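Two complexes follow with chain A in common, the first pairing it with chain B and the second with chain C.
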Partner chain A sequence: MKKLTKRILSAGLVGMMTLAMAGCGNSAPNGQVVVYNWGEFIDPQVNKMFTQETGIKVVYSEYANNEEMYAKVEPGNVSYDVIFPSDYMVEKMINKGILEKLDFSKIPNYENIDVRFENLPYDPNNEYSIPYMWGTVGIVYNKKMVSEPVDSWDILWDSKYKDQILMYDSERDSLMVALKKLGYSMNTRDEKQLEEAKNLLIEQAPLVLSYVGDEGKNKMVNEEAVFMVSYAGDAMIMLSENPDLEFVIPKEGSNFYVDTMVMPKNATNKDNAYAYMNFLCRPDIAAMNAKEIGYSTPISAAREQLDDEIKNNPVAYPSEEVTNADNMEMFNDPSDVIGTYSSIWTQVKASNN
Partner chain B sequence: MIKFIKRFYVALILLIMYAPVAVLMVFSFNDSKLPIWKGFTFKWYENLANDMSIQQSFVYTIIIAVVSSLIATAIGTLAAMGIHQMKGYKRNLMLNITYIPLLSPDIVIGISLMMLFNVLHIPFGLPTLIISHITFSTPYVILSIMPKLKQMNFNVYEAALDLGATPWYAFRKVILPEIMPGVIAGLFIAFTLSIDDFVVSFFNTGAGVDTLPIKIYAMARKGLTQQLMPFQQLCL
Partner chain C sequence: MNKKSLAYPYVIWAGIFIIVPLLLIVYFSFFVDGQFTFQNYTKFMEDYYIKAMGKSISLAFISTTICLLLAYPLAMVLNGKDISNRGVILLLIILPMWMNSLLRTYAWANLLENNGVINNVLAALNLPTVKFLYGDGGVIFGMVYNFFPFMVLPIYNALAKIDKGLIEAAYDLGANDITTFRKVILPLSMPGVVTGIIMVFMPALTTFLITRLLGGGKVMLIGNIIEEQFTRTGDLGFGSAVSMILMIIVLITLAFMSRKGTLDEEGGLF
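Entry: the complex of A and B
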């Protein structure tokens, strides 16, 4: 009996080791680069091209949101070489000291990136991150169903449109709407301002058809609702499906977000990581990714290579006047107020029933 | 009349069970990024054929499921026989230990395994995934084999030994055929659990080794796109 156990166990171990070897052994001549990116956030051809051109193998994994990524990266169990956090997460990771200062001399293509994406608030001295994709948040509305001009968040509080408004089921995005409508900063820590925003959202709750995630897109295209708070990337998809829809960035300002590329301190293939970042900053590659993802690229030369209807579209590429306005803000690291946000959001959602 | 109601009832249950599958089937041919019918197309199937990352995660999922379920079945079969032979408090103790992974939530298993691998400095990757899948599926195998062993008449095994069979020979020719249904059931349960698992895999995977559930979850940011529907269709 003992013999049998031994045999089976050793067979199992040998099997596992073979697999492990198969997993680690890489045939690429120039080693590998370990990339951790958002799901569906690259043109699958790009990784293949990178390997063909440089001989560096791309080990690629994906995550669904910043917090999940942070949970995997922060303990340092797995060493990634390139990660793609959003703006506020970059700030948080810098504060935690887990990001490597980039050596920009190894990323010559960095100069392709438009000047307006330099020295953004999450990385004020431009030391740790490279912009990868960006976008804004605004209102998608159906112009057949609205008679008046839409240019302000106020319209989401108009009782005429009861049960025709869709809000994002996300505490930060919804609070942003309320704070912006009140004329405050969306990063405020002032309890009185947050309280006002909360009351505003509770006041709005009866008018809201539902707090949606992804399914909101279908509802708008099917004309089940008139307004929806939406990211520009999603808006592009909706607008292409239903020509009656329109996207506007309200005059009170809104959220302006950037997804970036960074390198953690425990990266093991630093030179390959630089090569990979440099590759993604090449205009033709950035254009391929922008086409595939539907978000906006921070590289003008790449934008030029997109289809006319996209590159001149004010939804995807609002003018600099719009994005540089003082009331366009980026989220900052919320670690200190996350509890307050959750409690506000719970109260708002509870008031709806 | 009664017959009609019976049939109607069965038809209704089948309809409810299979309607989502039917919807998926239809929309996998839909020429739109949103689940709104726009026209017939094969383009999502073509996309799938070109998307290496989905294919790769599929291969990983299958490798992990096959290896982990085979090992879990081997360990589980031996453990079940061992536990069956035990008496008194030892047996109770072992059985209760078996129940622990069964009853504790996935997230507890996932995080504790992650901490274990961390302490032992085992690099995360395919091996850690397979080990963790074996850990949570072995109890199911044990519990599906135990009843079969209970039903079995152990005197047959002893008779085989009396007639000159070696223990290994007697095991293969006498015990194994008797408990085979339990072993097969255990194997299938382990296989399904492994394919299905998200939480434990999520905490114990390494760079570049995404299983299908992890891959699909990661895609959710941009909406569960059309990309997946043909794939699920092919899985069915």
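Entry: the complex of A and C
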């Protein structure tokens, strides 16, 4: 019995050592870079090209939302080299002290990024993050099924459209809509304003057909509903599949967001990470990614390489006047209010019970 | 090596992947920043959380009842002696389980949409269309569809194991069909029924996927609240506390059911 245990143990040890050695012995000559990105947020060809050009292997995995990514990165058990958080999450990660200050001399292609994406509120001194993609939030609607003009969030509260409205199953995006409709900042911490927004969403609940995630895109394309609150990137995909759909940023203002590239402090392949970020800032590469995923690139030289109907499309590339309007906001670090958000959202959804 | 050591792999597996996570849930639910507290539990005492729990229990109860009413007669038919294609019917019950339940539920969501395949067929036949999804109806349908096999199989198993001699004896002693069913078949099949109820009620109580896809995200069940705490809010403490409360309810139901039925007899799974 004892002998057997010993034998099994030593066999196990040998096995583990082989595995560990296989892990160290890189097939690529210049090591690897560990990348953690959103699902469907890159042209898969890009990673292959990067390996071909630099000899650096890309170890790539994906997440579905910022919170999931944060839950995995924050404990530091896994060391990633490049991550793609959105604006408010960058701010949160900076506040938590888990992001590395970037050495921009190692990212020469950074100069391709348009000036309007510098010094944004989540990273005011441009120290930690590089803009990767950006977009706005608005209403996608089916112009065949609406006769009146759509230019305000109010239409999502019109009882005429009962069971024709899709909202995101997300407390942040839904509260943004309600707060903007009320004329408040979407970053408010004022309890009375949040209470008003909550009541507004409860009032809306009977009119909403469904609170959707990714499946909402299909529903709009199949004309299951007339309206959907949507990210511009998703809207681009829907509009290309159903010509009757239209996208509008309501006049009360909305959310303007940027998804970025950052490096966590515990990154182990820092030079490779710089090389990877630099590669993604190259105009031809950025254009490939923008074409593939439908979101908007912050690199003008890349935008120039896109098809005319995309690069001149106001859905993906609204003018600077639109994004710089006072009522266009970015989310800030929601750590202090997220509990309230979640309880509001439960109350809104349980109001049907 | 004695026979007991054959169980070690599973015991180790269960220790690492069941016991340790369970202890972590208990820990997270009682400690906030290292301090012992009941705050995660008191937070649950809001009418909207209690309502969501009540709704979960009632929807799970309704779907379990429907499953039972559909499954028992089917199991009786399957167990009858004059049925020739029993294998085919059993295969039809099990066949959908070969495919991932997420995919099946997505498929139903597409079929049942207001503008989906089934309603388009209804409209083409000049029949009124039906709003299947986006409410309790869709959720109950999804639960019954997904968990039905877990009700049929244990009941069929229990029925198949009944000694036919007992039934013949009942007839010989003058009992008619109804009395035989009531006094002999039903009591002897109870372990299967209890197992079926447990196997359907538990997953129905905790589901969050069916609510999301077939309820249109408009029905908030306890499973959705737990999922939200872990994936979006990041409030592990509250999520763990709700999980604990749910587990306690499940345990009470189990204890109640096992007293009702004779779980340790043949035919049951436990």
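For the reader, a short list of remarks on this structure follows.
The working rule: the second predicted complex is superposed on the first by the 331 of 353 C-alpha atoms of A that agree within 3 Å, B and C clash if a C-alpha of one lies under 4 Å from a C-alpha of the other, contacts with A are read in each partner's own complex, and residues count from 1 in each chain.
Throughout what follows, contacts are C-beta pairs under 8 Å (C-beta built on N, C-alpha and C of every residue); 3 or more make two chains touch, one makes a residue touch a chain.
Model, not experiment: these values are computed from the prediction.
When the two structures are aligned on the shared chain, A:Lys217 is found in touch with chain B, with no touch to chain C. In the superposition on chain A, contact is made by A:Ala205 with chain C only, not with chain B. By the touch criterion stated above, A:Asn65 is placed in contact with chain B and with chain C alike. Judged by the touch definition given at the top, the superposed model places A:Asn119 against neither chain B nor chain C. In the superposed pair of complexes, A:Asn324 makes contact with neither chain B nor chain C. After overlaying the two complexes on the shared chain, residue contacts for A:Asn95 are found with neither chain B nor chain C.
Shared-chain residue A:Glu241: touches chain B; no touch with chain C.
Of the two partner chains placed by the overlay, only chain C lies in contact with A:Lys349; chain B stays clear of it.
In the superposition on chain A, no contact is made by A:Asn312 with either chain B or chain C.
Shared contact residues on chain A (touching chain B in one structure, chain C in the other): 1, 4, 65, 218, 222. Residues 1, 46, 48-49, 51-52, 54-55, 106, 109-110, 113-116, 131, 133-135, 212-213, 216-220, 224-225, 228-235 of chain C are the ones that touch chain A when the two sit in their complex.
For chain A in complex with chain B, the touching residues are 1, 3-5, 8, 12, 15-17, 19-20, 23-24, 34, 36, 38-41, 44, 47-48, 59-65, 75, 77-80, 214, 217-218, 221-222, 233-234, 237-238, 241, 293.
Interface residues of chain A facing chain C in the complex, by the touch rule stated above, are 1, 4, 65, 67-68, 70-71, 163, 169-171, 205, 208-213, 215, 218-219, 222-224, 338-339, 341-343, 345-347, 349-353. Of all residues in chain B, only 32-36, 38, 50-53, 63, 67, 70-71, 74-75, 78, 114, 117-118, 124-127, 130-131, 167-168, 171, 205-210, 214-215, 217-225, 227 touch chain A in the complex they form.
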